[in-house]
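Labels run A, B, C and D following the written order; every chain starts at residue 1.
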Amino acid sequence: MIVADFATIPMGKGTSASHYVLAVHELLRQSGIKFAAGPMSTAIEASTFEELFGVIEKANEKLAEMGVQRIITSVHIDYRLDKDISIESKLGINKEK
Amino acid sequence: MIVADFATIPMGKGTSASHYVLAVHELLRQSGIKFAAGPMSTAIEASTFEELFGVIEKANEKLAEMGVQRIITSVHIDYRLDKDISIESKLGINKEK
Amino acid sequence: MIVADFATIPMGKGTSASHYVLAVHELLRQSGIKFAAGPMSTAIEASTFEELFGVIEKANEKLAEMGVQRIITSVHIDYRLDKDISIESKLGINKEK
Amino acid sequence: MIVADFATIPMGKGTSASHYVLAVHELLRQSGIKFAAGPMSTAIEASTFEELFGVIEKANEKLAEMGVQRIITSVHIDYRLDKDISIESKLGINKEK
């Protein structure tokens, strides 16, 4: 299992991004992928790289459809082979047991 | 107000980082800074860059004290001058209004 | 055209990563994708998200084959629709005209 | 020695960032810090976290002075205690010896 987080930053469309963040969350909801919105980025849980990257590509396409002409995306991926991980398991560690 | 998130990745100390994550959270708690732990990183709310960067430096020093010989830190900063922002306000946007 | 950079950080395999960086560069060379190695990450030029993400997945698989049990990957993507971009065009801006 | 790279993304100021990138490079040149411009970010070599963070704060202040109302900064830091590192030593690894 892969846990990742990502943020898509629209350039050239004013300082507010909330409109775009909501559209990306709607897209994630429709895709059925497990996600958790955070203050700076959105965490995703994926079974494969294809699933993870498919969602990030769709988020970029969504913003492009909405008229954004330049999109900067940051992604951080935790790919762990020695142990099952999930958004919950990683939050458990992070929030303290 | 500045909202940021960061993650400190210990290299050379096994695949588990939970011990180090807990130590960084303890340090944040003691510093009195407002933070929110996420699955991939920890969000921070700071009044100044000095406050934000002071905490990230201390997190690196903490891991070094614990014996980590190489630390990779990722930081993303949202510095907004047109509007007050906070972890809550950004979560509000992200969780949908 | 998409320009991106990425770094794959092996956890649990000592503090040195040069062995792994060289293997990823070899893989990039064989894939025929245009890339530029930097001190902190490797820049890639791709025609599609599939091409970019395919390479990042292969880099993760390569490290896994080499025995790495946990891999943290950072990616930053510049997806621009209003203008053709390339590693060179972006370096030109960055190095000053 | 610390090696890092960073990028400052101006929001709300059109899709072109070259004007701002040049201003940040000018600021780095004046500060005397060692840096290397890349296609996606600028690498810095610093003796201390203060030096590194001082430069990133100044880059944010510079963009604010130029009228940018929201700035997203990404930073990745390599803090290594077991070995001297530099932009050159890390490029040497990355470009292959």
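One rule holds for everything that comes next: contacts are C-beta pairs under 8 Å (C-beta built on N, C-alpha and C of every residue); 3 or more make two chains touch, one makes a residue touch a chain.
From a predicted model like this one, the values you see are computed outputs, not experimental measurements.
Between the chain pairs A-C and A-D, more C-beta pairs are in contact across A-C.
Between chain B and chain C, two chains of identical sequence, the interface residue sets overlap for the most part, with shared numbers making up over half of the total. Here the CA centre of chain A is 19 Å from the CA centre of chain C. Between chain A and chain D, the centres computed from C-alpha atoms are 25 Å apart.
Residues of chain B in contact with at least two other chains: 12, 15, 17, 69-70, 72, 74, 76, 78, 80, 82. Taken pairwise by the contact criterion, the protein chains are fully connected, each one touching every other. Of all residues in chain C, those touching chain B in their complex are 9-15, 17, 69-70, 72, 74. Across the complex, chain C meets chain A through its residues 12, 49-50, 53, 56-57, 60, 64, 68-82. Residue ranges of chain C in contact with chain D, taken from their complex: 3-5, 7, 15, 17-18, 21-22, 25, 36-43, 74, 76, 78, 80, 82-83, 87, 90-91, 93-96.
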